[in-house]
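Paired with chain B in one complex and with chain C in the other, chain A is shared by the two complexes that follow.
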Partner chain A sequence: MATTDDSAGAWFGSDGQVSQLRGLLFKAGCLGATLLALFLVFVFLVYVAVDAIEPGTADPAWWATVAATVAVPAVALAAYYYRYDPRAGEVAYTAVGLPIAATLLAGGVGIVFRHIVSPHEWLALVVAALVAYGALEVHDRVRRAGAFERAAIGAIVLVVTIVGLPGLVPSLRSLILSLPVLPMAPLSLLGTFVVPVALAVGWYVRRERESERAGLIAGGATVAAAALGAVAGPVAGVSWTTWLILTTVVGVPVGLYVERVLSGGEGVSGLALPVALAAGVVVCAVVVETAGFTGPDVWLDWEFLTNAHNRTPREAGIYPALVGSVMMIIVVALAAFPVGVGAAIYLEEYAPTGGLLGSFVELVEINIANLAGVPSVVYGLLGLALFINAGGLQPGIVIVGGLTVALLILPIVIVSAQEAIRAVPDSQRQAAYGMGATRWQTVRTVVLPRAMPGILTGTILALGRAIGETAPLLMVGVAAVVRISPTSFFGLFSAMPRQLYSWAQLAKPDFYHGVLAAGVLVLLIVLLMMNGTAILLRNKYQRRD
Partner chain B sequence: MADNQFGRDAVSRRKFIAATGAVGAVALAGCSETSDEDGDGELSGQVIVKGSSTVFPISDEMAQRFMEEYPKVNVTTDSTGSGGGFENHFCPGDADINGASRPIKSEEEDHCAENDVTPMEMHIAGDALTVAVSPDNDWVDSMTFDELAQIWGDDSATLWSDVNSDWPDKELELYGPDTTSGTYDWFTENVNGGSHRTEYEGTEDDNTIIQGLENSPYAMGYFGYAYYSENEDRVKALDIAESESDDPASPSLPAAKDGTYPLARPLFVYPSEEAVQREPVYEFMKFYLENSNADWIADEVGYVPANQDMVDENMSALESAAGE
Partner chain C sequence: MTQNDTRNVDGDDEQRTDGSETAVSEPTTGSDATSDSLLDASLDVEGGTVPADADTVIEARDLDVFYDDVQALEGVDIEIPENGVTALIGPSGCGKSTFLRSINRMNDLIDAARVDGDLRFEGKNVYDDDVDPVALRRKIGMVFQTPNPFPKSIYDNVAFGLEVQDKADDVDETVHRALERAALLEEVEDQLDSSGLDLSGGQQQRLCIARAIAPDPDVLLMDEPASALDPIATSKIEDLIEDLAEEYTVVIVTHNMQQAARISDKTAVFLTGGELVEFDDTDKIFENPEHERVEDYITGKFG
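And now, the complex of A and B:
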């Protein structure tokens, strides 16, 4: 784009041209960097995927069938959307992604109800929480008490209903658990998991549609679909509990989305893509079955997700490590979030800014930022010294692993939360003060609500780093092979990256090619889910501005 | 609940409580079950195995087979190196059993005694320590202890030709186990005569050694037979003679068993006397010892199984320790 404007020509010199060479070189350099980065990541992903799926072991006819029944229709539909109906393309994108993401989430919920809170524990917890809430509400109506009394009553109610005093007063929760007769596990979940979700759905639909009836139908349908599992579950070959979780976690969001698209009337044709894909898969399965084409020898299959490690590579799986990672992440989140956000709030809102103390605070902040770059092995040693040698906890248990990794991500959580709090405009704080709000009221009602999406995004990204950490786990004695999923936070566990590391060391080549690659894919999918959540939160937040 | 003041939520809350109550009542009245109790009588608990990466494959296979019989006993296995296991896990009392590819050292016994941990030595298998080079290496097929000691004993040899003038004038690339490894200790003691060079690539991961050998024709390394048996086509194992006058023998399990292979060495597990008082550890050790002469140790793991005398001796030691 030569500058040929006559009036500017004189200014640039006699030939009227500005040398573009440097600019072009810079552009080419940037392009090269981008391509190199993409190429390296892409090669790695392809390498892992090939190891995990082994496409070479399948019949060419199998691939041809897949292409003809699934790939070609999908590409054709995508081309159609792109050319004629972009809105439908967006719908198609979401309609394919939502069920997949929801199914993965359902897997997570399933793990939670299977290993972390049993349906009965959940029932007891919910009932106890309801009683606690009711008691506080009654107290609120009967007496207009001061802040101190309310806090004290709240604490007492919490202790009596949920926590209990060990050895002295059993909590309501543990009393419920010790009842001789409890409803069956799926029924407990129906009452305490499905019904609350159904109420939320009903409330949401009623507000969206401004119709009492629509809300009732939506809520009722949710419960009915879940209850149907008592009969339909065994017919479909799954337990009622599985059915119940699937209908609630997968069925509800998909149903709501489809309903919204249909009633909105925009981009309805986008819904054809998931249908075409599903139909394609069914047709493909039938053709492959009747013609007898052999598919690829995939490592990443259902057995891999549900088995424990096995000395025979084909039978090895990642399940206990997956459960261990989920439990560890819960510990990490519960430990790092309150501490990190609390520290960030103090540093941003309360800490002195001027004078000697202000310089000291600045020094602390610089050190926190530096801590984010300390190698993870060092945090492993810190965890070993702090929790095992000084704290006397057993090595290799969930709580030790989780707390150690929580230490590791704490600086990241603090720094990102600080950034989010700093991004709240000062004018809003001043406005709150101007209306007579105290500093606590300002922080609670103005700063935190505005900063929360940013804080959550930062925390989730930090948790994404936490789930991939290996070195700290090695240092705190997480074993190479654990075949039983932990049943409590004080149980021995293995996490996904630790399991991958031990597979990489085994003698059989099948372990460090196939099994390892399948494990890497599982870890990547979990990471993708977490980062996706962070991106969704950020987008929602940005749109609101 | 931000909408409270508009009165919209009041309805939903009342309904929420009513609906939950109704469903709960139906659930309670409809069908119910007694709260399930743990199936008692079945053995449960945990057994923690640490130690040598050489013994790890046997212990792990044992754990897998044991847990098929006792699915509620959580046997976790780990490879930390013989020394690392004694130092960091077993002697502090955090592990029940430690695998070792060399006998326990006296300072380790002292460390254990400080923490009231009493290790019991149990010889459970044999290994044919394998010295290997790259498959592209065409100048050497066998070595004597003397040549091995020249290469591995100290840092003086840097070129292949330093050891034998017929060998190429190329740099030695040496891969071996880490200093925490029992394999390192055994090799130092029995081949080098007490010293070990420091300039070599030391690793806990034997696959790293295999990869190193595969990638360079001038590389050399040593590791347990199990890794060799899984990778026979990727590296070339050297025949070993104790001295010039002996016939070199190639590494194999039969040769290790009858003593004709000079680098045959014993493998141990060390349960602590305190741990075997616990039912799960006792049962696991019993299972371990009873199976230590099984054929699958040779076929599937790649070590020499124990003979009946060793099994009997270990069993009587276990019984007397547990019977205290």
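And now, the complex of A and C:
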């Protein structure tokens, strides 16, 4: 077979018999595209960050101090972890990221208790729900009824306790709210927010450690730390309520994590990074203070987060829009999640697949996928027609904005939930059906638990898109500037992207450079948080399979 | 192995006497069915009892299965006796799995599948309108080709059937007994709370068997239960099947002819075209089959 010609012996290709040129060019092209995309995004982010922070306004000495006290130790530690102790590195980044994420979450919880559900309202809701649950339990004891009767009774009890029968029976909730003496706000939060969290923590620790005592200690510590705020709060310069929320939302997860690392004994040296960072910040602050270096004149500061819009750029802030966005996202999630997941379950598990009906279902599915690509301004128009013109709701209120954006992300939620459900292996369904499970039992006990992480990931990503949508809000008349945060879901509101849009139109350069950039950063951080949660969820459950 | 073999032979002997009885009574039922099958069916529905041959649990009469226009089974007639192991063998695509899945109506889950003819479980045609496939599957358990435990704890896996079938009495004991029956209890007794997916392939398949027998079905269908396992795990499963056959009617599809010869009392040979060519005692099939095609298949000349 071997035909020996002139190039004999050169089978290993050193003389260029095999042409790699086209392949190499293709590879270089792909690399170029990747670099271009990354470069463009990076330049944009740097541009915005520079506008929001204005590093040029600081003393060089200030930057040197920051570098020496915070940046250099952090980089040195990171290098050490990378080189010698990757496990500790993992611990280190979690230990730094967790408090930051938890603090942002605490901000969200604070907004909820301040503007959406007041502590007293929350107390009333919790008590009403407890009474409803108790009634259901009693009913169960008295007669062992079927699932339908139980569900009906549960619904009726919940409605009576929380909503009441209009004109006939006032709800338990409004009765509690009308009591002349209610426990002060922090106390009712302690009872109805901290205690349930402490119970959950205790239950979790007890299960993890298989020790009754550890669970009791964890739960007790949670309540104790929160209660301490009555004394320690004012000393530290924050209200008891703030202290409560901080200890519960930030302290509990951080404490649990640190305790787990310490008792696990693996990667303990990773905890040095957050300690070094905190110490560095303190040292830096002391040095800057004593030496009198001036820091940068940042736009994204505490005032920006807590102020409303103002004619003076330095006074302007994003707070009402932030609250508005949070409330809108709650409406979006409550509206889009059940409808979207319900539709996905029907299409994947129940809808006919063969024959004429099957073709119709296929057509519907294709159209849902297409709807995901319809421009958002069209959804704005739909919201305008549906909720304001036909539904008679007031333009520019939270619920209208939320429902309109919910319509917009509904197709995305449906499609991603469908994909998550489709990813459940058929062998699992077969196993369930083979055991004599009904379709409903199969969906409930096998398909949904397995698909839920995927469904949640898709939904969170869709909510991330929802929080940045501007055009639909313009269409349904969301106000350009709102100086007071909405107090109910039927109040006028502005959302972050809407606020950014109006800042971009103001004539003062300070607005369209500084304030706008700071707002963009806030929006991006919120988005990053949501997407990060989605990624964490996905990784956690992917590893388990 | 020799012990097993002797036991096997004993079992076969017993089975053979059973078989001859069946053979005697068969012509009568057969002629009934051919002379007036409609009348026969209506009688059964009215009586609601098992027909003449009490030992037959599953009985197919002229069973056809189609996937859209493709015929997967053609005129299958079979009477599967109570207890003991019935093996279904044949080359790929011959319809043996299709037959197995039509017994507990798993084919209903495939929209394209269509069934004609009679398939009786305890005398009742399972494709009658008043038969709920869910109720049917609660009487007929199934084990699949690849182990498919749920991503739940071992305990919850075995308790799954009890939960969905609302058999809440003494779940703990039932779970333990099922695991013991599936020869798995010793290996997993300390880790009932750990995930079923952490087990090895062979253990997973025994877990699936434990899951299938926990709600105490009458029949156990097995679709090549050992084909994804190594020889050691396979032999464990085979021992287990022989044990189970004392209590349950086991119908097993297998590609492995030695396996069929080792563990089954009766063997049905399906050949290409979805045709049941021969059904008889296992010894007869492997030593002296009636049909030349069956002999060719068994001796490896074809298929």
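Everything below uses one rule, namely that the second predicted complex is superposed on the first by the 528 of 545 C-alpha atoms of A that agree within 3 Å, B and C clash if a C-alpha of one lies under 4 Å from a C-alpha of the other, contacts with A are read in each partner's own complex, and residues count from 1 in each chain.
In the analysis below, a residue touches a chain if its C-beta (ideal position, glycine included) is under 8 Å from a C-beta of that chain, and two chains touch if they have at least 3 such contacts.
Remember, predicted model here, so these are calculated numbers, not experimental data.
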By residue count, which of the two partners contacts chain A more extensively, chain B or chain C? B
Is A:Ala495 in contact with chain B, with chain C, with both, or with neither (first, second, both, neither)? neither
Now for A:His120: first (chain B), second (chain C), both, or neither, which partner does it touch? first
Touching A:Ala420, do we find chain B (first), chain C (second), both, or neither? neither
For A:Ala437, using the defined touch cut-off, is the partner it touches chain B, chain C, both, or neither? Pick first, second, both or neither. second
Tell me the contact category for A:Ala52 with respect to chain B and chain C: first, second, both or neither. neither
Given the complex, residues on chain B that touch chain A span 12, 15-17, 19-20, 23-24, 27-28, 30-35, 46, 48, 50, 53, 56-57, 60-61, 63-64, 67, 72, 74-79, 88-89, 94, 204-207, 226-227, 229-231, 300, 302
Residue numbers of chain C touching chain A in their complex, please. 104, 106, 109, 111-112, 134-135, 137-138, 141-142, 144, 146, 148-151, 160-161, 163-165, 197, 208, 211-212, 215
Residues of chain A touching chain C in their complex? 352-355, 358, 425, 427-438, 441, 445-446, 449-450, 544-545
In the complex, chain A touches chain B at residues 120, 127, 130, 134, 177-184, 187-188, 190-192, 195-196, 199, 203, 223, 310-311, 394-396, 477, 479-484, 491-492, 494, 502, 504-509, 512
